[in-house]
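The letters A, B and C name the chains in turn, as written, and every chain counts its residues from 1.
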């Protein structure tokens, strides 16, 4: 019957097309990573990591950018974690679904959708100019904190959600106050989830560029305080590539960046899997 | 000389939003007795139990009218405070609920919350575990996780946890449900021992348990206290027909 | 009593902390609007939004070329991203054994975590020359941008669409097959339409990500300021406009860039709000 054969051919055609689409997508993605790693890995000698950039990055290594990346990430995590965990605790333990909680969630969801260039504009006009912090680790770190806040809130909430109600009931029934229950019965169990959220945020911070150029500057000089301007690895990579300063160095920085991000995300995933398996 | 009642429940009504769970409960619990609250499911037994230490405060939409007195004082008096109350009236739930910590930390949890000095903790934990008849089995592994204990041991751990606070009243909601007969017997024996120091309100797993362990009992049906009295009387010669029907198994 | 006061204090503090995201959002809006809105007011919204010439040194600030650029690049990215993304989502859901899926899904998350500057770099050194040699034009073009952007939003579309497909009750698929439909027909006519709201949400989120992308686009689009007339032309988007010139802009010029940010902010807020509303409705 012709219609049956047509259906069969459509089915086969669709299946083939989808297989091609899926496999080629995966192939292209892997290709992108391989290309950069292939050209860049040879450059990753120990000296690359331990020397500062010389002559605008044409020679030397990426030491100051590594320090810049670490400094910015640390500031962001230190600021965002208490705010994020506190918000999640409030939403889960101190309030029920109400106008207040809906407003807070709306704010968090919106914040999560703001593109990084807007954060960059904001950080520039607020931290660099209005608060007079200048292009600095502090300006960049605080801007970054605002960017990772929604992630920390979300993952902490998810972690708290998985904690059985009985822990709370037991703690209250033994004469615990709300805060005692939160700090002794809930948070300790939620820590792995919170930690995973932090690691994911670190991964994101490392790749962030647009917001950081506008707030932390792009200085290659070794920083000596929180108010020093600094260049991160991602920014360095961008500048090397766009200004055409040194393709070789660019490949090297890019490879280092990819490896770092892959490493961090793999750890986060591994932690998350262990955590989920531990719970069930 | 008639002793003062430990707990007095007076004209107590309880509502979950608009549903009434307890109707006009009048009940006295005497000191150092085991009082069993029995009846079919959904009669309000757990609700009454949890009202006695204000655990019902945690439930959104819970309201009550009437009063509950502990040693003559209204437990809902703001000056008393629910944290204080819960240290005097402890509860053990129907499922073992060990916290994800070591055995020692579980038992020490309550005393630590109330600010007990660290140096007393060892003594407190040992005494509580002995009261719960668990000390001999775990004394060598106090730092291991409580989650590794068997169901019966975990439940005895929960009893120890509560007893560590040295409360005055113990509330037990079907403490032996899901446990094997040996653990059940051991817990029932523990309860009889504990009676010497505490007043116990128990929701028994079945009538047989109530008659084994309790001194007096109250039959609850659909949120009302139908009748109460000494165990030998209420199970042998109940005054109300509903009680008799339930005891003889005409409905469950 | 002292304990009660301490507890109340902690509760109030946590309430304040919880409002930090709202506070930040309000700060962002007020400062960006504060810098940008007066400028739009000054030169007139019509001239700003529909002006075709962006020549800051002459005081000409029309962002229509950038709006068109953003639109075209996003459109192109969706053209690539939606079919490929849906295909991968269906592939993951229907034709991969669970073990392979367990490897593939974290792999997709990993790809989502790759910084955009890496994608931009690859586009610059590999794709752009290819386009220049085989399709003509400068290579730095909307076409190249769309391809790269399409790949960048793939993980978003794939993971959310796949979640939606997986969340469907198995009875849908069983029902479709029982009615005599082939596997493909069941997918195309039963499952995909049923997962529609999730898929649409994923597309909207992908769109939001596409419109907000800056670094990769700066590296690939070529940044010509005139109105693009073909996919092989260089162009600018709203984001690249800001990203390129913010470093050295001052006075009116800088305000114009903030004004561009205002427009961008509006567009993104509308997109994200619709995605939020859609996913809330799906959840309930």
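Everything that follows uses one rule, which is that a residue touches a chain if its C-beta (ideal position, glycine included) is under 8 Å from a C-beta of that chain, and two chains touch if they have at least 3 such contacts.
Fair warning: this is a prediction, and the values are worked out from it, not measured in the lab.
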Most centrally placed chain - per-chain CA mean versus overall CA mean: A
Most heavily contacting chain pair (counted by C-beta pairs in contact): A-C
Chain B and chain C: spacing of chain centres that average the CA atoms, whole Å: 57
Separation of chain A from chain B, taking each centre as the mean of its C-alpha atoms, in whole Å: 49
Chain centre separation (chain A, chain C; CA means) in Å: 17
Multi-partner residues of chain C (at least 2 other chains): 3
Residues within chain A bordering two or more other chains: 177
Interface hub residues of chain B, defined as touching at least two other chains: 83
In the complex with chain C, residue positions of chain A that touch it: 7-8, 10-11, 14-15, 17-19, 21-22, 25-26, 28-29, 32-33, 35-36, 82-83, 86-87, 89-91, 94, 100, 103-104, 106-111, 113-122, 124-126, 130, 146, 149-150, 153, 177-179, 203-204, 206-210, 213-214, 234, 237-238, 241-242, 247, 250, 254, 257-258, 261-262, 265-266, 269
Of all residues in chain A, those that touch chain B in their complex: 96, 166-177, 180, 184-185, 188-189
Residues on chain B engaged by chain A in the complex (per definition of touch): 53, 55, 58, 60, 83-84, 86-87, 90-91, 93, 95, 97, 99-100, 109-110, 112-114, 161-162, 165
Parts of chain C lying in touch with chain A, wherever the complex brings them together: 3, 6-7, 10-11, 13-15, 17-22, 24-25, 27-28, 31-32, 35, 83-84, 87-88, 90-92, 95, 104, 106-107, 109-111, 113-122, 124-126, 151, 154, 182-185, 187-188, 205, 208-209, 211-215, 218-219, 239, 242-243, 246-247, 257-258, 261, 264-265, 268-269, 271-273, 275-276
